[in-house]
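The structure under discussion is supplied below as structure tokens; questions concerning it will follow.
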């Protein structure tokens, strides 16, 4: 008999949290046992029999939430940013005493963004040129996006592994900065346009050809398949996994 | 009986000039009567009975070439950049004494680029956001391209005619300049990628929608339909025309 | 003193109608005086002092609604499909007796779609090849979309006005129909993809170059600027206007 | 001391062959020892000390050329189409007696097309919808392209491995075939446009998101990096390898 996985959502009143609550409720193989907002007692999750905790709270709270989940013997799926190496090391140490327990910390649950980044790292080995254009709504406060910065790093790592040097660029005159930001040696452009949500285009060029990888997020619901994948897989991936790609079959 | 138009090409040894010589030779309604390179005597064109002179030389020579063509009573189609208002005024004055004679000075003979720029000016009236991405091979020396600058000016003019204010942009943090150049209030991004030739993408955004205009020049031959259009139409457009769009039916 | 325009919405309970009610309420220069659903009495609009009626009902009701609006001396902005020549002629006859009264019947209120279609008609004169790709969500029942069919007709008309013959196509073997539908001589492709809403890409090709026009509708709200434009302009365009482009400055 | 690889090109007078001759001549680590056209004696390659033979002839000749190369103890890099299972089995058998000898048979040497196909197979596991648009010049005789058919097969295989069923499509009315060809359950569209060379766009859609992979071949030279990769790697891949991806690091 197949039994469902018991899930508690922390940060259930936020936008991402509410979407996760809805997605878990809709999934036939999952059971929502607790939806915990700011001010609620997270021990509800334990009393309700949760097996997996989804943390969609805020950077200030997430480290303590994961510490607590490990103590209580709950698998954790975490979609909060702001984790540094110290914090990750603490999680690894705590998990070392809890064999069988899994924690997934994923800065980006959009499966398409994860795929695009992985593909970019592979393709980077084979192209003389690479460049990134990220496009978002005009209310975004920072440029370029964190995803674009991660993608630039992935491309730089792919190029290094293939022994490629700097990208070719004979620009002599660029008085207004049209060539954009340079992140890890890769030019990154940020477009802000009313009507857009979150989009990334990764361009690779070689003699006589171009390869383009593009990911469009039209709606926050696009993160939910990644969250559900995390919930379903966390118990079979003991220890700490950083990045949703650790749970995906990418080759 | 339909007779062909007699054409002389100045700058025939350059890359654009050679392409024009070839295109004129291929056109059944045109006759190449002189192909004049650096050091050749341009009076050959007169002796050979040219009706239209195509000037594809260099900025240093073009002003004198047009002066000469008008004196000789030849229509002129000019694809050289570097014309300022003074130089244009001189042409207008000279043509005032030569009713029936036509001169076309066109910075860009790519019909698609001309169309994209015109469409951009019209669309600009109806969208809250507008942004430009130009893409070229990495050996280009300047950024952004002249075409992108002209397009930004066209968009700014369209926005002004509709009473639109600045484009929305709440960016607070952009430490590396990912938002690109700002030309006439419009953000312009320059991509440099091996394998590309000359490409421009013009993006318009409004609530819930996006309009994209894109022009790709894969090869210098793409300028030739515009050159031929100029040759065929110059005699029926007396006076000075600046920009190929003056000969096109754009509405 | 600037006074606002009094607006009544028919079909206010439908999805488009509800969006229009909201958009009118948000617009500072418009005043919603009646929101009339199925079964409500449309005379409410008259009693409330409406100057403009927006009809977003269904094909079965729209003809009678417009007849009624003209009788009551109300300008009408109509976003319902299914109008044939007979029905339009009846509107023209009724308006002949009502100088100063305006009716706008627009099959598509997306300004971007209207712009793309107009631009397509102009560009069609200058390109040897033209093709259309429309992309929608997979729950759409018909292929290709009505917008794509209209665009094909606009391209065909542009080509005819320039004396262009059939598009070049040397395909000899296409056993599975990959070349798509042929509408007015133009190949049209329909893509159906989960996550999409309504998108159209219009491709023009000539020797060495390509021109692409693309319109993306991400959300029904993208129709509202067109509805508001219609409401604001209908009183200054007496008689019948078919198509939102009649109110736009497109050249 | 690093010595160069001695290369012979069969089919050197064809367009691909001539490009390969040029590319080998330009590569500092390769030495062209024989360029053999139709009617020339291929034994020249042996006499000139070739280590690797590149076969860019025609389907009628390639099978015999590979048989001969194996007999002579030459590694072979083959870019000719038309290999069936029987022919491949014969190569495997012949190579079984020649340990250390390598043969690469690659239907497509465009690295970008190979990458796009591999990425498509991986991404296919994660998306409800997938569709292909291939775009070529209008002189192409068949539709859809072989690359598009192979991509459809790769997507179908990825979907099967993830247990995905048919793509969603509620189309009820498509009188003119706008939904295109269906290859291995995947809809494939073929666009033919003057000015294009060879382009493929692979679209994946899920709730709220889209992933696009696009490859543009602007010029035949884009195949050369793949040919050179094959020449450099064939000696370290004994036995038969089908597809350039067998020599690439794709994960």
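When the chains are written out, they are named A, B, C and D in that same order, and each has its own residue count from 1.
As a working rule, a contact is a pair of C-beta atoms (placed from the backbone, for glycine too) under 8 Å apart; a residue touches a chain by one contact, two chains touch by 3 or more.
This is a predicted model, so every value here is computed, not measured.
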item	value
Per Cα centroids, the chain farthest from chain C	D
Interface composition of copies chain A and chain D: same or different, split at half	same
Whole-Å gap between the CA centroids of chain A and chain C	40
Geometric centre distance via CA averages, chain C-chain B, whole Å	34
Residue numbers of chain B (touch at least two other chains)	195, 204, 206-210, 218, 222
Overall pattern in which the protein chains touch one another (line/ring/star/complete/other)	complete
Residue ranges of chain B touching chain C (in the complex, touch as defined)	110-112, 115-116, 119, 122-123, 125-126, 204, 206-222, 224-225, 248-251
Chain D to chain C touching residues, read off their complex	127-129, 131, 133-135, 138-144, 148, 167-183, 187-196, 203-210
Contact set on chain D toward chain B in their complex	195, 197, 216, 218, 222
